[in-house]
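Both complexes below contain chain A, partnered by chain B and then by chain C.
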Partner chain A sequence: MDQIPQILANGVYLGAQYAMIALGLTLIFALMNVLNFAHGQMYVIGGFVTYTIYGAWGIPFVIALAMSCITLAILGALIEKFLFAPVIKKSARDESTMLLAAAIAFLLDAVILLVFGEKQRGVPKLVDGTTILGDYTLVIANDRILICLLAIASIVGFISFMQFSKTGRALRALAQDRVAAQLMGVNVDRYSMIGFALGAMLAGLVGGLLVTITGINLGMGGPTSIKAFMMVMIGGAGVISGAIAGGIILGFLEAAGLALLASYGDITYLLIFVSLMIFLAIRPQGLMGKPWG
Partner chain B sequence: MFNNVTSKQWMGLAAFLFAIFVAVPMFIAATGRTDFYFTLTMVALLSIASGGVWLTFYIGRINIGQGAFALAGAYASAVMITKFSFSFWLALPLAGVFSALVAVLIGLPILRLRGVYFAMITLVLTEVVKLTSLALDITNGARGITNIPRPDGLSVFGLTIIPDFGAMENPKLGFYYLACVLMVLAFATLYRIVNSRLGHLCRSMQQNEELASSIGVNISHIRLIVFAISSFFGGIGGAMVASLTQSVYPNTFQVKDSVDFMLNVFLGGLGYVFGPMLGTLVIYFGWDLLFVAKEFQLLIYSTILIILMLILPNGILSLRLKKPGSDVAKAADASGLELKEGK
Partner chain C sequence: MKRRTILKSTLSAAVLASVAAGAAWAENPVLKIGFVGVTSGPAAAWGISNQRSMETRAEWINETGGYKIGDTTYDIEIVSFDDQKDPKRAVAGMEKMAQEGIHYVVGPNVDDGAAAVRPVAESNGIMYFPYAFPKSLYQAPASNAVLGMVANYQSGPAIYKHLKEAEGVKTVAFIAANESDPLSQRDGGVAAAKALGLEVVSDSVTYQVDTTDFTPVLTPIMRAKPDLLVLSGVSPANAPQLIRSARELGFSGLISTETAQDAQVLREGAGDLANGFISVGGASTPEIASDMMNEFVERYTDMFGEYNDESNTKVYALEYILETLKANPAAIDDVEAYKVTMDTFEAPNPYMQGDAVLKYVGDSSFGQKRQVAVPLVVNVYQDGAFETMFIAEVD
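For the complex of A and B:
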């Protein structure tokens, strides 16, 4: 039982990261009904940009992080404008965008391989030292605390942006009802692009934050996408509060599973998958989703 | 049974059968590129599994989990052959049945999901089967099952129908013929299903499940049957791949393979029974041919995919001029329009 404070701390830390990844994915889904397979790859690109600027060139971390966000926002906007928008207009079925998203995931993988190589990359720690509380019941590295606080601040910032800014209102209107939003004078094409850029930017931001702790490598894209899908399923697709809830729940499950089930081998994710399936059988739309998305 | 097939379509079928059973082996013998046998055998086997994915799309579900059932089938046949010394010819259909049973078990809860939710949960399935095979003892964990014996001979009443693959002079050719026969059978079955009462019910479900249900279609029953058939194809494909490569590992079918199965179907075109076959050929063969590009392989491949999507978002077969009598194409168009207008 003395593990509980540590598990809770790890859960908060993982949950905050995961929630940000899921937020971007769910935003894109809510706006355009696109399941963005390339989300994990966008996260990896964000990590590599921060690595290059902060780790390799030695420019301050804040600038590197900002560059990660800007790069991904531009990339997201370009992908939406030149790839998704034309295909959505021309294709007879919404599902065709899935093929496009998968192809983009492959393309980004190829670009990452050519530009950044296949090596595992890490950067110097932001802050040194560890915080030890209550006679070694709780040990957390200081840089993890910093990253966790930054992630929570970003989530709060994102929610207030969606809630109070004009762009945020337009995006929410678009997510609620595309046609009605258009009738109310929302420039649908423009805000779709902004929304996609914003979702991609969030992925880049998490990548930039996490590279300081876990490092980054080419193979992290696919598994990250799968985790993001799971969080979105737990919380409900296309709902912002659901993405946050899903991220935090998955973070806590993973932290608890890795600590408590370590003696049974690598079965944490197997158990999470099975319980997810049972959960979805009872509540198919997730915790907060609208029935049938 | 196939009385709605026109003579022109029979001709096309005959030409196709001639091409795969006579022309391709002759071409390979003439050019000496025997490595094509492996590639083409894989194309045939993967297109069987892709055919299953296509069928689940036919009831309006996007299935990105065929890798899970292929892996389950591969393991089932490998365990039956190596641990219980079953004959390959018994293990192959049983592997399909095993996958179908798993599909029924999993399908009962998850087939209630729709649209993107179903797509996401099926995507997770591949990972589940992989982790299960890593955790179980009978599947040998990460080491997988290797040295699976080649298919043995099959004889009925002393009459040898299929010779022993191990004793064959050219087992590659044997596998090629076997895979082609299975592929032809699988797609004949698909064609038959689509043009049967079940096919009509599936189309009604693809367009509107509530409406179909309200006029007395037992939708939960049908989607379970369709999902089971689809996974049966996946299991057969997986078992054959395991037998061809004589090994199966937890990584034999990964999430990427599941996505590939879906890509095959989408690329070939969702409204056409034979779309999965063409899509698999283009994707697998294209990937293989691009091997010469070395580190640019993935870049070129994905760029071509994206360009194809931009030019032909409805699949390659949508290029074909639509025949007025082809009700499958018409139904596909109608449902496509429906989706567009419903937005």
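For the complex of A and C:
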């Protein structure tokens, strides 16, 4: 029982960061029906940009984070315009975009190795200190609390943007029905590019935020993509609220499993995967699996 | 007329220069030495320090006229293959070396890769120098693998004994990634700690190799409040995150590992929280480094921008190969001749001051000389750099 406060705190923190990672992936899927296998690599680039600007050059973190977002937004827009858009127009087969996404993931891995090197990189902590409550029943570093709050604020900001802005409404219309949106005057090509850029920007944002906690290295891209896909599968592909729910569920499962099952070895993920398989057999569309409008 | 003469002279000079350059290039035959190891992903620093050490030394040798073995002077070419820490790719890499007629290969860097390449190496007459610890690789009937560093079952007991006597450590906890190398190192460490009379308060906590946030993983261990936390087989990418999470969770005891680490990575990833972290260092310190070692570090830094302390160990494998071939030139295409030479081989150690020698060891651990002799340097991290804690020798 005395572990519950720590499990809850770890769950909230992990859930918030996982939800942010999944948001960009599910947005791109909702808009374009593209499984972006390069999402993890985009996250890694975001982390490295923040590392370079904030960690290596000593420029304020806020600017570094903004540059991560801008870099990834531009990269995402270019990838959509010159790679995905032509392939989607020329090929009706879903696997064409899947293969393209996988190729982009490999390409970005190679580019990251060339530009940023192979080493693990880290940046100075944003805030020092640790919050300890009740004789170590709850211990959480202050920078984790800050990142958790920033992640929650970013999620709220993103949902508000999608809900209340003209661009957000256009993107939602696009996700609900591409043809109907076009008939209503939505510039489909333009908003597809904006949506992809927004998804990539979210990857850059979360990479820039988490580099302050976890550091960043070349090998993080693939596993990050896999976790993001797990969250999307739990919540339902293409559903914003589903991605958030999937992230939070995965975060809590991980926090509880690692705390309560530690004495049995590394079985937490084994159980998570088994649970996921059973869950998908019963509900293949995930918790909220329908287009997210 | 004058213009034509100038053109003719220029053309002639260019032709002569190219012929001369071609002659110089073709002057020495090339001796290819292979490297199969991990140069991408979280453990990339291990393999890259190998590859870069070999490339630095090879370029240095070539720049100074080549390496004389018997009556022939060779240029050294390093042929590298990234196995991505995947045994299947390690096998493919070793097959590539065999296809290129290479008989001496450095790597792989991890246990499963080293075990996987064994049949390929043995059937193709390849001696290989893994940085992996399973004893079966080095014990008879195996004979083609030569351990390129100090194993954890050699360094671990030395570290625990030192900490028990000097720091009063009584209880110890182990954490390892859920893959073969770290788990086998954890098991070896647990056995060594128990043999020394230490109480092991936790040895079941493991983590996924792609874990990025270790706070939830470490929480159960922190409740056991050990005097010493051992990060078994931890990769350079994970070490700073584990240290940082442990300290942030209030752990104030000692933290150690038997793998080599990177000071810059620790500084960036954990900052001052990494102060006091104990690890096995590269096989050199300012006190024992020779002028040649210092020049190697300079050349490496010039070539690649930054140095990796672990290259103090990784520089040795190529030197052992070349010096052994020099001692017995017949071994250049015949690894059986190489094996015979290993039993009696001795040569001055160019990387250490004094009378240190290069020689093969391993009788105690493997029953045959299948390990390169390098100093066991145990470091403690302090304010961005490693300080030498103690130096020892192993056989």
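Things worth noting here:
We adopt the following convention: the second predicted complex is superposed on the first by the 289 of 293 C-alpha atoms of A that agree within 3 Å, B and C clash if a C-alpha of one lies under 4 Å from a C-alpha of the other, contacts with A are read in each partner's own complex, and residues count from 1 in each chain.
FYI, a contact is a pair of C-beta atoms (placed from the backbone, for glycine too) under 8 Å apart; a residue touches a chain by one contact, two chains touch by 3 or more.
These figures come from a predicted structure and were not determined experimentally.
In the overlay built on the shared chain, the residue A:259 is in contact with chain C alone; chain B does not reach it. In the overlay built on the shared chain, the residue A:215 is in contact with chain C alone; chain B does not reach it.
Judged by the touch definition given at the top, the superposed model places A:269 against both chain B and chain C. In the overlay built on the shared chain, the residue A:100 is in contact with chain B alone; chain C does not reach it. When the two structures are aligned on the shared chain, A:281 is found in touch with chain B, with no touch to chain C.
Looking at the shared chain after the overlay, A:91 reaches chain B, while chain C stays out of its contact range.
Look at A:113: by the touch rule set out above, it reaches both chain B and chain C. Judged by the touch definition given at the top, the superposed model places A:144 against chain C, while chain B stays out of reach. Touching of chain A by both chain B and chain C, each in its own complex, is seen for residues 109, 113, 222, 265-266, 269. By the touch criterion given at the top, residues 3, 6, 10, 13-14, 17, 55, 109, 113, 118-125, 130, 132, 136, 139-141, 144, 210, 213-215, 217-220, 222-223, 254-255, 258-259, 262-266, 269 of chain A touch chain C in their complex.
Interface of chain C with chain A (complex): residues 39-42, 44-45, 48, 178, 204-208, 210, 212-213, 215-217, 219-222, 236-238, 240-241, 248-250, 262, 264-265, 268-271. Those residues of chain B that touch chain A in the shared complex are 57, 62, 106, 108-110, 112-117, 119-121, 123-124, 127-128, 131-132, 134-135, 255-256, 259, 262-263, 266-267, 270, 295-296, 298-299, 301-303, 305-306, 309-310, 313-314, 332-333, 335-337, 339-340, 343.
On chain A, the positions that touch chain B within their shared complex are 29, 33, 35, 37, 83, 86-87, 90-96, 98-100, 102-104, 106-107, 109-111, 113-114, 178-179, 222, 226, 229-230, 232-233, 237, 265-267, 269-270, 273-274, 276-278, 280-281, 284-286, 289, 292-293.
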